[in-house]
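One chain, chain A, appears in both complexes that follow, with chain B as partner in the first and chain C in the second.
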Partner chain A sequence: MRRLRPYAIPYLLWMGIFILIPTIILIILGFSNLELYNLGVFDLTLVNFRIFIQDQVINALLNSLIYSVITTVICFIIGYPVAYYLSTLPEKKRKILLAMMIVPLWSNMLLRIIAWEKIFQPTSIINDLFGISIDLLGTPTGVLIGMIAMYLPFMIFPIFSVLEKMDYKLIEAAKDLGASDYQTFIKVTFPLSSGGVVSGVIMTMLPAMTSFVLPARIGLGKINLIGNIIESKFMKEVLGSSGASINQGALISLLLMIFSVISFVLITRVDKEGETLI
Partner chain B sequence: MMKKSVKKKSLKFIGLFFTVLSYLLIFTPIVVIFILSVNASTKGYSWEGFTLKWYVELFENDVMNEPIMNTLLVAVSSTVIATVLGTAFAIGINALEKKRRVQMMVINNVPVVNPDIVTGISLMIVFSLLSFTLGYYTVLIAHVFFSIPYVILSVMPRLKKLDPNLYEAGLDLGCSRISGVFKVIIPNISTGILSGALMAFTMSIDDFIITYFTSGAEYMNVSTWLYATLSRGRSFTPAAYAYNIIIFTITIAIILFVNLKRDRKEKTV
Partner chain C sequence: MGKKLIIMKNISKSFGDQLVLDNFNLYINENEFITLLGPSGCGKTTCLRILGGFETADEGTVEFNGKIINDLEPNQREINTCFQKYALFPHLNVYDNIAFGLKIKKMSKDAIHERVMNILKMVKLTGFENRMISTLSGGQQQRVAIARALVNRPKVLLLDEPLAALDLKLRQEMQYELKEMQRELGITFVYVTHDQEEALTMSDTIVVMDHGKILQIGTPEDIYNEPSSRFVANFIGESNIIKGVMLEDYSVEFFGETFECVDKGFKKSEAVDVIIRPEDLDFISPSKAKIVGIVDSLIFRGVHYEINVLVEGKELTIHTTKHRKIGDKVGLSVEPNNIHIIPRDNNA
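Right, the complex of A and B next:
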């Protein structure tokens, strides 16, 4: 097999091009006046940091933190019992139920968001068909329900995959040694599933924190997250509209990358080879 | 005793309750998409009777034609490229000594953990450095980029189970380095390759964020077309819901078929 090692080298190069280089550029962009479409001489400056005193940006940062934490906590409270319940089912039932949870993810994300948008209108198709009127468009509750529905599976899958592989002899041993159900869960089951919990928390929190279509559509643009700011700073530059500043966008992206790196270090600790990630 | 079984039952009840709630939350949008795809109303605020006209319109409407063709073309080509490259990389990574292998897998996880928006921006920056014009090719490269890690993650467990001596035996029996890969390794990891390919395909066909940042203003897939239409304050044809239901059904059929075939194969082996 040794002879096959060279096959890994191009991958390292490929990842270098698409991960390392853009990270370096983002750092330079954030701390200078470099123009992405007019590369050349640049001056280092801290002027881009001014973006952090804009109310709009401070609000978006706070919103990102609040919405992603609430979403993650609720997803965990709902998701852990679900993962646990699924893992106790007989094999056939378990497989079918798990497949049923994956299936909806094959539906277009944007259309799923639009579906929630339709549901949350006071005069909606749901109202017409079932007589239920839900008026949540433009409210924090609406955005949160949308986020929870969207990211819940990403909490359940990793926890389930750890619980499913767990050695049940350990639980029996704990009970034989006199532990109550509660003690067994706290001292054996939960610690053994902590790797899945860490992956689940990260896979829920990061996408929730950076989502921009969901808050824009369901929040009617009233609730901005960090993703909305990044979008406006970056995409408008590409599309050539006003109000864009790729340097400020880069600075906010770097802030986001700090979260990413922390998550990454945590995930690497519990699951080096990424087995809970798929 | 009595108390314990009551407690256990209530725990089970909580699990069941949350499970039902989860499926309700996850399936509600799908059901709504389905209803909207067979609803005669154009705006979708009210039910105006059952129709299949949107499914017919899908094949006649010129507006959606281009984004659909773009989506399918990128999905198919990026799946093929990512599967071939990902498998080759995985074989290389698996052959490394343990420490290096773990390091490579850690690097492999970066795009998986990174939020899509960061991946999208990073790719956009690289493309602008290389002065690539944003469009089909940049979207294709982007999709290959985010798919490869998933192919590697699904091929790796199969490779780990493979006895390295088999490959050496193949070489001793006269296989070249390449033919040994095709004759010994590939047949043994084919299920992993297939599930990696399926994952790459399903992710590419529904991608929005990364395509959005790497496609420029002209080139659109279905997701970015929907977003652009909505951003301009216009509404789109319900044929989009019909498209989603069709793609959704085809995906389920493919995965069901592959899984059934695999189960049968594993039973006979």
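Right, the complex of A and C next:
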């Protein structure tokens, strides 16, 4: 193993440059008054925390929470049965269906968001073909549908991978001991797939909570999630317009990072071998 | 033996093109310890799964206590299974694994507690209630699996090679304990194994199977002493199978000599196979012997020597406590009641 160590160095360097250093910069920015075009001024301060009492930010945080929770719940309700169905299929059919879910993921997320944006326009291809107008741009429903479509696979895959590996003999054992199909599911199948559910929930909720392109494009900027606030804080700073603060942006980013770390710890707790992470 | 509890009538089952059970007929008595014995792929596990309700027969009926149960789901049958690799629930501890079936039946907490504690005592796992399954040894898991099935007090317990994963010492212990439990509880055990020694030790009745068919049913003594075919003779213990000719009732010729035997009912001069168990051949002085040969090889087996003697180009295996050297000229004798005659199997 020791001989392999040199091969890890490029990656460790990469992580250092693009993860560790930016994190340190975020911490410095979040707890100081350092500005992008005024590097001469530098004082440590907690003044940036004031952003968390701004209505705009509180609303965005609440929006993030509400939209990500609804997305996750609906993804779970749709995703669990799909994952279960997939796990019961013979290998050939299963592979075809999995491919149908995975291949679209290979196309750029932005493209898929723009596709939804086009579909939700009053004059869309759907309107041309079927005469139905799905006018959902700038509505909460449109944003939710977009998010569910975007993140559903991340719910399905971890649950599927746990169910697929489950020993079928356990289900037979439960039935042998008198359990009905429903009881078997509640007492055996579901508890044994809980690791996959936790992974799926986190892998859906986290990107949903932090998404910003999707609400910006499909929500037409009317629905702000926390990602949109961070983006605008940084972009305005770059553009030099008013209301900008990379310090505040950095602080909100750190908050989200804390969420990510907690989630990661949770996942590693329920899934020690990392089998549900794709 | 009690009354017939299970009757399997004309059962056939195929997986794809492969016929696994071929017009299979078997009845199982109440309180019987019956073993399905055969090489892997002979259909014994499929037979068990049909009894448990995990497979449905393509043809034929399964009768349980006078009712046809073909269409009953596994959870509706008064039959419990002890699975090959135990199939214990990894998310539950020992107590909850064993209590699983009782909780499904919605028994009261106190009643469940009492039953679980009793069965734990019986399988010698008192104090293990709160242990998770992954922390148990193979032998302990095996006991939990048996306890989980028995705690429901089924009429029939199906056991699918339950001891296959255990080491020899533990396996022998468990054989004894299983037999004891069966006797104590008066539950019918249907046991599947490919291990002939296990079958001989534990069973009231042995069913020898091959290619989805029953070759012989009988007590362990019957099966061992009176194998009905070359396959059974070879599968159950070791056998010397010698080509011979039945001269008349109670008289058989092999190795060019005439021997007295206890079999009758063959045609005059019918070609037969003569089966002699290795422990039934005895050394005598070559001058007095009808069978004379040269010691070919010798292996020390602990309790006995395994000596191969070459007689007229045919190798005979002998289990004996007497020592002979390789190259020794030896005479062999066999008692008439240890000569067992079966019709010649020309395919073998």
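Keep this in mind: the second predicted complex is superposed on the first by the 235 of 278 C-alpha atoms of A that agree within 3 Å, B and C clash if a C-alpha of one lies under 4 Å from a C-alpha of the other, contacts with A are read in each partner's own complex, and residues count from 1 in each chain.
In this section, a contact is a pair of C-beta atoms (placed from the backbone, for glycine too) under 8 Å apart; a residue touches a chain by one contact, two chains touch by 3 or more.
What you are looking at is a predicted structure, and each value in this text was computed from that prediction instead of being measured.
Novice: For A:G200, select first, second, both or neither according to whether it touches chain B, chain C, the two together, or no partner.
Specialist: neither
Novice: In the overlaid three-chain picture, which partner chain does A:K187 touch, first (chain B) or second (chain C), both, or neither?
Specialist: In the superposed model, A:K187 contacts chain C only, not chain B.
Novice: Quick check on the superposed pair: does A:P215 touch chain B, chain C, both, or neither? Answer first, second, both or neither.
Specialist: neither
Novice: Which partner, chain B or chain C, touches the larger number of chain A residues?
Specialist: Answer, by number of touched residues of chain A: B.
Novice: First (chain B), second (chain C), both or neither: which does A:D167 touch?
Specialist: A:D167 sits against chain C, while chain B stays out of touch.
Novice: By the touch definition at the top of the document, which applies to A:P158: first (chain B), second (chain C), both, or neither?
Specialist: So A:P158 meets neither chain B nor chain C here.
Novice: I'd like to check the shared interface: which positions of chain A are touched by both chain B and chain C across the two complexes?
Specialist: none
Novice: Flag every residue of chain B that touches chain A in the complex, lowest number first.
Specialist: Residue list for chain B touching chain A: 4, 7-8, 11-12, 14-16, 18-19, 21-23, 25-30, 32-33, 35-36, 39, 41, 44-47, 85, 88-89, 91-96, 102, 104-118, 121-126, 128-129, 134, 145, 148-150, 153-154, 156-157, 164, 167-168, 171, 177, 181, 199, 202, 206, 208-209, 212-213, 216-217, 222-223, 226-227, 230, 240-241, 244, 247-248, 251-252.
Novice: For the complex, which residues does chain C have touching chain A?
Specialist: Residues 52-54, 73-75, 79-81, 83, 85, 87-91, 100-101, 104-105, 148-149, 152 of chain C touch chain A in their complex.
Novice: Under the definition above, what is the set of chain A residues touching chain B in their complex?
Specialist: By the definition above, chain A touches chain B via 1-12, 14-15, 17-19, 21-23, 25-26, 36-37, 39, 78-79, 81-82, 84-86, 88, 97, 100-101, 103-116, 118-119, 121, 123-126, 128-129, 145, 148-149, 152-153, 156, 181, 202-203, 206-207, 209-210, 212-213, 217, 227, 230-231, 234-235, 238-239, 249, 253, 256-257, 260, 263-264, 267-268, 272-275, 277-278.
Novice: Can you name the residues of chain A that touch chain C in the complex?
Specialist: 167, 169-170, 172-180, 183, 187-188, 191-192
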